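In the two complexes that follow, subunit A is the common piece, with subunit B as its partner first and subunit C second.
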Partner chain A sequence: MTADRGLIRTVLRLHRTALVVWTVFVLAAVAGLVWLNTVTVDSVRAALDRCPDNAPGFCGALWASLDYSEPTGWISTLMLYSFWAVAAWAGGSLIGRELESGTAQLAWTQAVTPLRWLAVKLALPALLIVLGGAVFVPVYRWAWSANRDLMGDDWTFNDVFAAHGPAVVAYGLCALAVGTLAGLLLRRSLPALGVAVAVMVVLNQYLEIHRADFWPTKTAPGRKEMPNDWWQQGDGHYHPPSHFWPLHLVETGILLTVTAVATAAAFWLLHRRTTGLPAPHAQQARPRATV
Partner chain B sequence: MTDTAIAAAALGKRFGRRGAWALRDCAFRLPAGRVCAVVGPNGAGKSTLLALAAGLLAQTEGTVTVLGTTPGRARARVGFVGQDKPLYPQLTVAQTLDMGADLNPGRWDQPTAERIVAGGSLNPRSRIRSLSGGQRTRVALALALGKRPELLLLDEPMADLDPLARHELMGVLMADAAEHGTTIVMSSHVVAELEDSCDHLLLVGDGRVRLAGDIDELLAAHTRVAVPADTDLAPHTVVESRTAGRQLSALIRPAGPLPGDWRAGGRLSLEELVLAHLRNPQAPALTPSGLEGKAA
Partner chain C sequence: MSTVTTPPRATAPAPGAPGTQAAPARRLRWLLRLHRPALCVWTVLVVVLAALLLWLGGPLTDASAAAWNQYDACPTTGACGYDQEAILLYKDVSLYTSLTVLTLPFLVAMWAGASLIGRELESGTARLAWTQGVSPTRWLTAKLALPAALVTVGTALAALLNRLAWTAGLGRVDTAKPWYSIETFYASGPVVVAVALAGLAAGTLLGLLLRRSLAALVGSVCATAALWAGIFMALPHLWPTVTRVSSLREGPSGSGIGVAEGLLTADGDRLGIPRYCGSSIDPSCGALFDRLDAVSFYRDYHPASHYWPLQFVASGILLAVAVLLTVLTFRVLRHRTADHRGGLA
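This part shows the complex of A and B:
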């Protein structure tokens, strides 16, 4: 236990900058949402109220509403795609650079086993990603629903969809695991960084394209007009808003499965490389003549 | 506690499934408390052997036992300094020692580590990235010795040091070995660098152990002879022989008493012994095989 505490202190010391940057990023995003919905929104509403007929068609207040909707959209977009940065950091800085420069061997020749080292290296960022999501998602859900009339997006937008629940956290965890595996496989920071980001971009694109297929659609045959919040899939098929959670949880499940597989592969690979798969029988069955 | 620091039997390591063998058929026993030189040309497998003993690599075949257990279980009791002296460049010297204390709870000896760092008049607040090669070696050694290891594995430890620092740090290592009975294993491709400090030799060539044992015993087991060119040297083992005119000079391992008229050369040096074996890869290896038989 004391050894673990020392290892945690060491990992914090080594990766302090990245952990601080993440924390500041999450807090800034949350503060931004609070500011937009307490301060900015009042000035936007005041501008709207000054419109003669309160119909913002060509009224200059339309532009004022952008002060609210644009930053809100950016915050959820940045939060969702922060997994790019997580993948790059995990592959490059967290693991790849340590193997490339040999500093991992420095850690492993203290009283720390390689598997413990990897466990702590993964656990601390994972904890921060989960905590970040736990703070961000509730605030974002409140902020997104607070002033719907000022926003032009809906629940099917990529960033809105992910930031409304645990999927945004699952993207971060998945990027952490994929980056770690890439770092262990490639043992060099730049290639690992590139591969980790590429894999995550492809996975994310795949999920965004096929997102609607992960739950059966409803049908409304012959219906021409559909409500705005129905996610049309063509030919009378659609997802009502009540399908958000099934769709969201399936996607989260896929991401967490990839995360688990990549994490297990990373531990297996490191174990095999440093301790070997213990096979004492095989060694005794094939005695070699000593020189 | 065990009286064997490292024992290897049929140890082999190959990188990748089809890669060449970096080390093969390696068998030796290093008694505890010795200062052992691992010598051999570049690429002979010295670093691989040390990494296997440090638990950084898994062997492909055979066994290696460190301090009576597996390298992985002995981790807390083994110090290691790799060839490149890897350290975290973003940490300061003091933070590097803090890391040593954090990662070696219950073992860490801060005064020893600080003394070694202070010997190089290093500022504890300097970042590692700003240090010279020799200064980094000093910090790496401080980290390894601060751990109070029972076995210290050093891969080309002195390569970056100027003669003065080399002499001083060698003195620190020897004092530590004398005071705590630390077993020290250090590799080098410069034999002369290690001759004065070491009492045990492991000669690695072409991925195999060529000589292993107490240096005095190894030297005593070999003799230089000068005999007429038509002399049959059997049954003695010939390591190296050269004919010049009507004279045959050879380095042999006598199988028994030598005839009185075989003119023996002067005192054999360790470097001569090593070079003769490296020049003649076909010469049979000499390792105390009786011990290996029991170990395996």
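This part shows the complex of A and C:
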């Protein structure tokens, strides 16, 4: 028990920079959304009120809504693609560097079994990713729906789609697992960082391109005009907004499956690599290429 | 890592010692061997990017231009068929290749900071090399010369092909970006080559200062972002501008890289543009202009003829930054190894 608590403290201390960066990022995103919907929105509405309906000529103040919509879009975009940073950090810093420098191997001689070491290394960041999402997603859902008339996006936009539910968290968890597996496989920080980011970018692009195929579409044969909030798929096929949750949950499920497989593979790999080694002795780091 | 001690004088081999002649060739082989993955990745990246840019400038531009011809021949009402796929494909490939060219300096700086220098100092292989008859200065020279050459060639090729692809679509593809857009101006001229070289120098210095690969990696990304942001903000001021005066109704006009714009009063004073009032088409803005005694708009900007002067001045400044950072790197290295000479490495 004390060993576990010590390990948790060690991991938190070793990665305190990442902990601080993540906390500040999530809080800043939430604070930004609150600010936009309490302060910015008032000044934008005041400017828009200068544009009366049916007034002659063009009203320049119409541009004011951009002051609201652009930062809102940036916040959800940064939050969604934060999984790039998670993948890079997990592959490079969390695992790769520890194996490369031998500190992991050293830890395994200090009454911490390799599997427990990995469990703590994964559980703490996973908890923080889930907590971050639990704070961000409800605030974002409130902010996104608060001033629809000022925004130019809809529910099918990549960032809006993911940030409206657990998918944004699933991307972070998947990046953590993929980065960990890459770090364990390659045992070097920089290659693991590159591979983890590349895998996550490819996976994300694949899901974004095929997102609409994960649930059967509805058809409206012969219909020319479709409502704006229908996601048109061509030939009269479309997704109504009510398909958001099925589509979103299937994508989340795919991501969590990849997460589970990568995590299981990471534990299996570590177990296979470290069993049979004499426990109390320092294990030699893999010999490095010499000059 | 402190177990490696520096034998006295081992860092400066005597002239004419056996193996001195073969040393440069051997160093080159060693460098190529150590960074073979990076060399492969860079080569593949440049070749794929070049192939995509040739495809963009040739078949894709032709297909898109043909589609635009079809579209422009469409009657104003009723259905009309045109090759929308070709237009969209051109637009996507053009955007993504340009963005890739703009990220090349980031990759170079990251690699230089983390892999070329940071990792070597972190793991102690650099200090080991310094005990094997390679002086720190020579070590750094060898480390920088070949990457600098490869970065120059690769980035210049990408920039040149991007410019050729852009020129091919000029006046034929309606969605082609103007010369002053970020994708065109910064990704198809000597500026991107100069940023890449400055990034290489910045990454090297950070690797040496931080001595840790991941810290140097993050630092190099920030440094390259700072280089891009700095040149983006400074560039409009690197050459004298042209001023164009336009009517209150027309709004500020003159397309190019803008520097300043505003209202001109009857007395010739320059005023800022009131928020959201870019033209007197908006009656409330017209009334406001009257109250301010404004008679016209002005805009200070760079027309297309300033393209090359701006490119060359900006590249010159960036290359000076690169040289400065390199000199600083050598000084830091000499200072640091002088302290250690004869003692613990």
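List of remarks:
Going forward, the second predicted complex is superposed on the first by the 268 of 291 C-alpha atoms of A that agree within 3 Å, B and C clash if a C-alpha of one lies under 4 Å from a C-alpha of the other, contacts with A are read in each partner's own complex, and residues count from 1 in each chain.
As a convention for this text, contacts are C-beta pairs under 8 Å (C-beta built on N, C-alpha and C of every residue); 3 or more make two chains touch, one makes a residue touch a chain.
Computed from a predicted model, the values in this text were never measured in an experiment.
Contacts of A:175 after superposition on the shared chain: neither subunit B nor subunit C is touched.
When the two complexes are overlaid on their common chain A, residue A:167 makes contact with neither subunit B nor subunit C. Once the two complexes are laid over each other on the shared chain, residue contacts for A:6 go to subunit B alone; subunit C is not touched.
Once the two complexes are overlaid on the shared chain, A:44 sits clear of subunit B and of subunit C alike. Of the two partners subunit B and subunit C, more residues of subunit A are touched by B. Judged by the touch definition given at the top, the superposed model places A:64 against subunit C, while subunit B stays out of reach.
When the two complexes are overlaid on their common chain A, residue A:106 makes contact with subunit B while staying clear of subunit C. Shared interface residues of subunit A (contacting subunit B in one complex, subunit C in the other): 101, 288-291. The part of subunit A that touches subunit C in the complex is made up of residues 47, 50, 55-64, 92-93, 97, 101, 189-191, 193, 288-291. Only residues 2-3, 5-7, 9-10, 13-14, 101-103, 105-113, 272-277, 283, 286-291 of subunit A touch subunit B when the two sit together in their complex. Taken together, the subunit C residues at the contact with subunit A in this complex read 30, 34, 37, 114-115, 119, 122-123, 125, 128-129, 132, 213-214, 217, 275-279, 281-285.
The touching residues of subunit B, counted against subunit A in their complex, run 9-10, 12, 25-27, 51, 54-59, 61-63, 70, 72, 75-76, 78-80, 82, 84, 86-91, 95, 98-107, 143-144, 147, 208-209, 285, 287, 289, 292-293, 296.
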